[in-house]
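Every chain is named by a letter (A, B, C and D) in the order it is written, and numbering of its residues begins at 1.
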Amino acid sequence: MSEVILEARDLQLRFGGVQAAAGASLTVRADERIAIIGPNGAGKTTFINLCTGYIKPESGSVVFAGRDITALSPRAITRLGIGRSFQIPQLFIENTVMENLLLALSAREGSWSPFLRLDRHPKIDEMWALLDIVGLKQTGHRIVRELPEGMRKLIDIAVALALEPKLIFMDEPTSGVSSHEKFQVMDTLTRALDARATTAIFVEHDMDVVARYASRVAVWSGGRIALEGTPDEILNHPEVLETVIGVGV
Amino acid sequence: MPPEMIFLAALDGIAYGSLIFLVAVGLSLIFGVLGVLNVAHGSFYAIGAYVAASAVLAAGGMGLPTWLAFPLFLAAAILVGVVIGGLVEALLLRRIYGKEEVLQLLVTFAVFMILEDAQKVVFGVRPLFANAPMNWLGTVEVFGIFYTRYQLILIPLVALAVLVGLRLFLRRTSFGRAIVAVTQDREAAMAMGIDATRIYLFTFMIGASLAALGGALSSATTSLTPGIGSGMIVLSFAVAATAGLGRIEGAAVAALMIGLGRSIAVYFAPEFDVLIPYLIMVAVLLIKPEGLFTTVQTRKV
Amino acid sequence: MIRRTLAAAALAATALLALPAAAQDKPKELVVGIATFLSGPASVFGVPGKNAADLFFEEVNAKGGILGVPVKPVYVDEGAGTNQLISEYRRVVQDQGAQVMFGAISSGSCNALAPVAEDLKVVNIMWDCGTQTIFEDGKWKYSVRTQGHAGAEMMATLLYLMKVKPDFKTIAVVNQDYAWGRESWALFQAGLKALKPDVKIVAELFPKFGAPDFSTEITRLSALRPDVVLSTSWGGDLDTFVQQAAARGLLKQSTFVLPLAESSMERLGAVMPEGVIVGGRGDHYFLHPKHKNSAEMQSFVKKYKEKTNVYPIYPTFHMNQAVTGLVKAYEKASAAAGGKWPTKEQVIAAFEGLEFKSLTGTITVREDHQGLEDQLLGTTKRVPEYPFAVYDNMALYPGKLVTTPVGQKSLEWFAKVSQDLVNDKSIETFTYSK
Amino acid sequence: MTRQIIVGALLLIALIVFPLLSPWSTVILTVALCEGLAALGILILLRAGQVSFGHGLFFAFSAYVVAFMAAAKFGREVLLLVPIATAASGLVAALVGLFIVRYRAIFFGMLNLAISMVFFSLLEKLFSITGGADGKRVPRPTLAGMTLERESFEFWMFYITLALAVIAALAVARYLVSPGGKALEAIKSNETRLEYLGVSSRKVLYGAYLTSGLLAGLGGAIIALVSGHVTPELAYWVRSGEFVFIAILGGAGGVAGPFLGALMFQIIRGYAAVYAPETWHAVLGVMLLVIIFFAPAGLYGLILGRKRAGDAT
């Protein structure tokens, strides 16, 4: 068993009268692919937001690679090696796809020289390769605003991967992808993650995807983990079938 | 400085703050609903003042009783707000909602430049004043010092009435509640079937009318000269930003702070009275970047 | 590339510079550029100045122009800001070929334009600005002033106050916060110290230029109860101040001294009570006790009133002096040059020692290019003939008496002013008559 | 890209040649270049979606530094005055920027306005030091040790300014395509993502703010020298608004835009001053509306045939 890379302990947060996190805890090991499932409003995205510093918990802690990151800013957490993609892709929509990736590259490399042209970054080939992995090489020069949602979701993930994080959170990576392409997308993503030995935590609604790509599943309900286990255990659990997947579906 | 002087200074500060409040609250309301910072707001103040003064002078010339000035003030304010404000919103602003903020700002900046000159062409450059309403109300004596009832009582009362009236309007009437809904969440409000176009138009008219009302009230106490609008706009920016843009009660508090700060400065440090509004604004924003009365909202990701 | 271009440019420029000055033939027209406030608060002076200039140049042209050359006035807005004013001023000289410039109303503009006029070698008539420092601290070959300066205005005001209210003990000042407000107070204060060292200055207030509200200042003055309140404010500021002070009984409580009130009297109408000391930056007054019935004055007041619906105020008289002075200087220069069209330098030379009649008296331009102008002060009185206050109990101070002598600085001269001046024999006095 | 270079080159050639044909225009053109420099600073901030209604602060600050130094015994030399005054404005931008980069949108604009108005008020109030509203005269300094007559001084100042403007424009063009410049666009479109790249948007904006302050400072220093007089009006909010006006008029699409805008602004203002001396503000206002509604990419965009600001990079 590999070492623990992320440990969230008893995170609590209320907002607007809703218990968005109610003792959320999760321990993640470096070689894991964890799927987070649960109904809407269960606090899945809140959990990601808490772990990446977008919002701060009222109590509880998040430890990453032995360091307490609970109070750190998203920026500091990103620099420590946590990347994330978003439910609604967060991209520089007026820029080209490649520029989005190159900005991530510059951030990673710290290459901010005013004499450097962004589009002549010495490591630009690496970004083209990355774009190729997610199957979007042909979109490199397109303006993000003009691309469909599904592609944007992948670009969002590619941007996070360009940072070469040790751990990546992906918020519904396949939500904008047509169902017959989902596996293909997840295959390429998994290859990219494997190549970089990146730990991944992803929120997912499609149980087929969960079954195939997760090493462990956490079922979210009411701001905390109601159940966890292997995909086999979870996906056959009667309670999960009822609350998450919906009986008869 | 004896304590009664502080009290006297405070009386001046309240009168001054009340006037700024009337102008600033209109600016704040417009921003809250339309999301546009109206640089031309000072021009509504100036035009309201000129129209009111001309009307009062004309009424005086016809031998009409002086008390008529007060309904005339209101009429002038509404006229300016509805006609000029309405035209600006319907012809110009409506075309740029959703465009970049910079462009919206600049459209109102252009309107400001045009109205400044229009006002000069229509009303001339000669200082104009109509002090009959102020004199008609007479004076009161406080600690042996004469104050005009107009500045000491009427203007603060009007400001208070506007504050209370706006609150009631926004909370109790369906139209007011629709305005609040748009302020809080534009998209949700529109999804609920609220006619945003109409809300925007009326809010702009109300905001412009308030600025014009401030101008109308000031026309009895001050000489109207070209350029009065450009000074007022910066002052009301300061009030609105200190309070937090879109905050109505906050604007009242900030206007009072600035009014009091200024008049006390005239006693203690007359060299710095003009700096007071800006210093208060910068100090407040340093501590609370979104203004005194605004809560920070995070973007949904 | 750039270097070569620059070299070429330099050559071309040198060629331009080397062009000889054009021979002094009579031009087709004489372009006169006039810097005046067409926007901003000071347009209360600027626009009357422009209206008057239009009238006067019409008259000049109706008589065949200057030495037979028609005059074409071109206006430049002083309200656009100093830097813009300077470039406009240059454009009018260099592009539109103005030979004479009138610049300007604000002392700040005059200070800024004087060196520009030197550079451009253009006749510059400072037609309205008042700062005494311009010819006391600097020498300007191409600039002249066809009216008095702030020193003369403040000296006459001080002497008049000493004459009509010799026993006051406290004074407060409320001046606009800019050079004129500050400088006029510095001068007045220096003279006051010399004449009446025991007077207590209870408040020195400098509200912002264009302030819409003087409530706090008035509260303070009401509490301090000074014998005299001096304010050299003008325009909208003065109107607002007087109005608010009158409403709150302050004008009854203290003697107000308002050296620029002449320009506000008609507007203030019934607000202005009796007993306020007033002046008009010189001897300008459409009811001037000596000249109100002259044909020129009557015709001017009539024409001006027809055009603008109001009585003329002092900037219109200053404009008259500038235009008259210009005509006379050209005539004098031409006579000296044997009837030829004079060069700019000859015109400037003609200004030195020039004496000419204005609508309200006689102006003499000294060798230092400073004009000597009489100063008229009075105390307000209400009469049935006009719906506004008029001057009564007037005193006319000869320009020579109240103007700092050539070579001296006004502040120093004020500091040693003597009591004799208050009742000098050359001062004429008048009371109001129909 | 090539069309941009052509536009820039044509503009440059026109600027080089025009003063030779029409000597009176040198000062007006120099003033236009100075305003163009300030507007170039605004353009940088516009890339980040921010607009400052207070860059008059830096413009006026360096102008007053020049005025004070030129009036003092030392520093009567253009080659000394310009860099020192520009650096002084840069220093002010560095200080103000420390906290102003925390704000966005309206608050960014209004805080800039407030600070510049504080400076404006101080310039007016501190009469004994600054000369109050009348301002200060700037005695003509030497240029490279030479004492020049007005005409040759103006002549050389124009070409020096032109050279500086070209250098500044090229440097800014370079900066805008560098990672830092592109990160500015990222601030405009998605600051959240920028933070999640581990990039401090404040630092990125700080760099831009500093640069824009330096550019406005450079413009202010030169305008003080060529007009020979400084007044607090240089710091007034309407002046700052004009810089934004110029930036939009010219178009934020490329670095030649602000200069194109500044020239156009001077031309319109010049004509308006002659034909409508009492309503030239209104003429400018109408012009601004026309640009915003019918050519939002500005003159530069019109020339390049683009419809939207920001398409050209």
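Methods note: contacts are C-beta pairs under 8 Å (C-beta built on N, C-alpha and C of every residue); 3 or more make two chains touch, one makes a residue touch a chain.
A quick note: this is a predicted structure, and the numbers were derived from the prediction, not measured.
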{"item": "Chain closest to the middle [Cα centroid of all protein chains]", "value": "D"}
{"item": "Chain pair with the higher count of C-beta pairs in contact (C-D, A-D)", "value": "C-D"}
{"item": "Most distant chain from subunit A, judged by the mean position of its C-alpha atoms", "value": "C"}
{"item": "Inter-centroid spacing, subunit B versus subunit A (mean Cα positions, whole Å)", "value": "49"}
{"item": "Centre-of-Cα separation between subunit D and subunit A, whole angstrom", "value": "44"}
{"item": "Euclidean distance of C-alpha centroids - subunit A vs subunit C, Å", "value": "76"}
{"item": "Chain centre separation in whole Å, for subunit D relative to subunit C (CA means)", "value": "36"}
{"item": "Multi-partner residues of subunit D (at least 2 other chains)", "value": "121, 124-125, 192, 278, 280-281"}
{"item": "Sequence positions of subunit B contacting 2 or more other chains", "value": "116-117, 120, 271, 274, 301"}
{"item": "Subunit A residues counted as touching two or more neighbouring chains", "value": "54, 90"}
{"item": "Subunit B - residues contacting subunit C, complex", "value": "5, 8-9, 11-13, 15-16, 19, 116-117, 120, 124-129, 131, 134-135, 139, 143-148, 150-151, 218, 221-228, 231-232, 262-263, 266-267, 270-271, 273-274"}
{"item": "Complex contacts: residues of subunit A adjacent to subunit D", "value": "52, 54, 73-76, 78-79, 83-84, 90-95, 99, 102-104, 106-108, 111-119, 121, 159-160, 163"}
{"item": "Subunit D residues within the subunit A interface of the complex", "value": "174-175, 177-183, 185-186, 188-190, 192-200, 310"}
{"item": "Sites on subunit C touched by subunit D in the complex", "value": "2, 5-6, 8-10, 12-13, 16-17, 38-39, 74-77, 80-84, 86-88, 90-91, 93-95, 106-108, 111-112, 115-116, 119-120, 177-179, 182, 208-209"}
{"item": "Contact set on subunit D toward subunit B in their complex", "value": "46, 49, 51, 53, 99, 102-103, 105-107, 109-111, 113-115, 117-118, 121-122, 124-125, 192, 237-238, 241, 244-245, 248, 278-282, 284-286, 288-289, 292-293, 296, 309"}
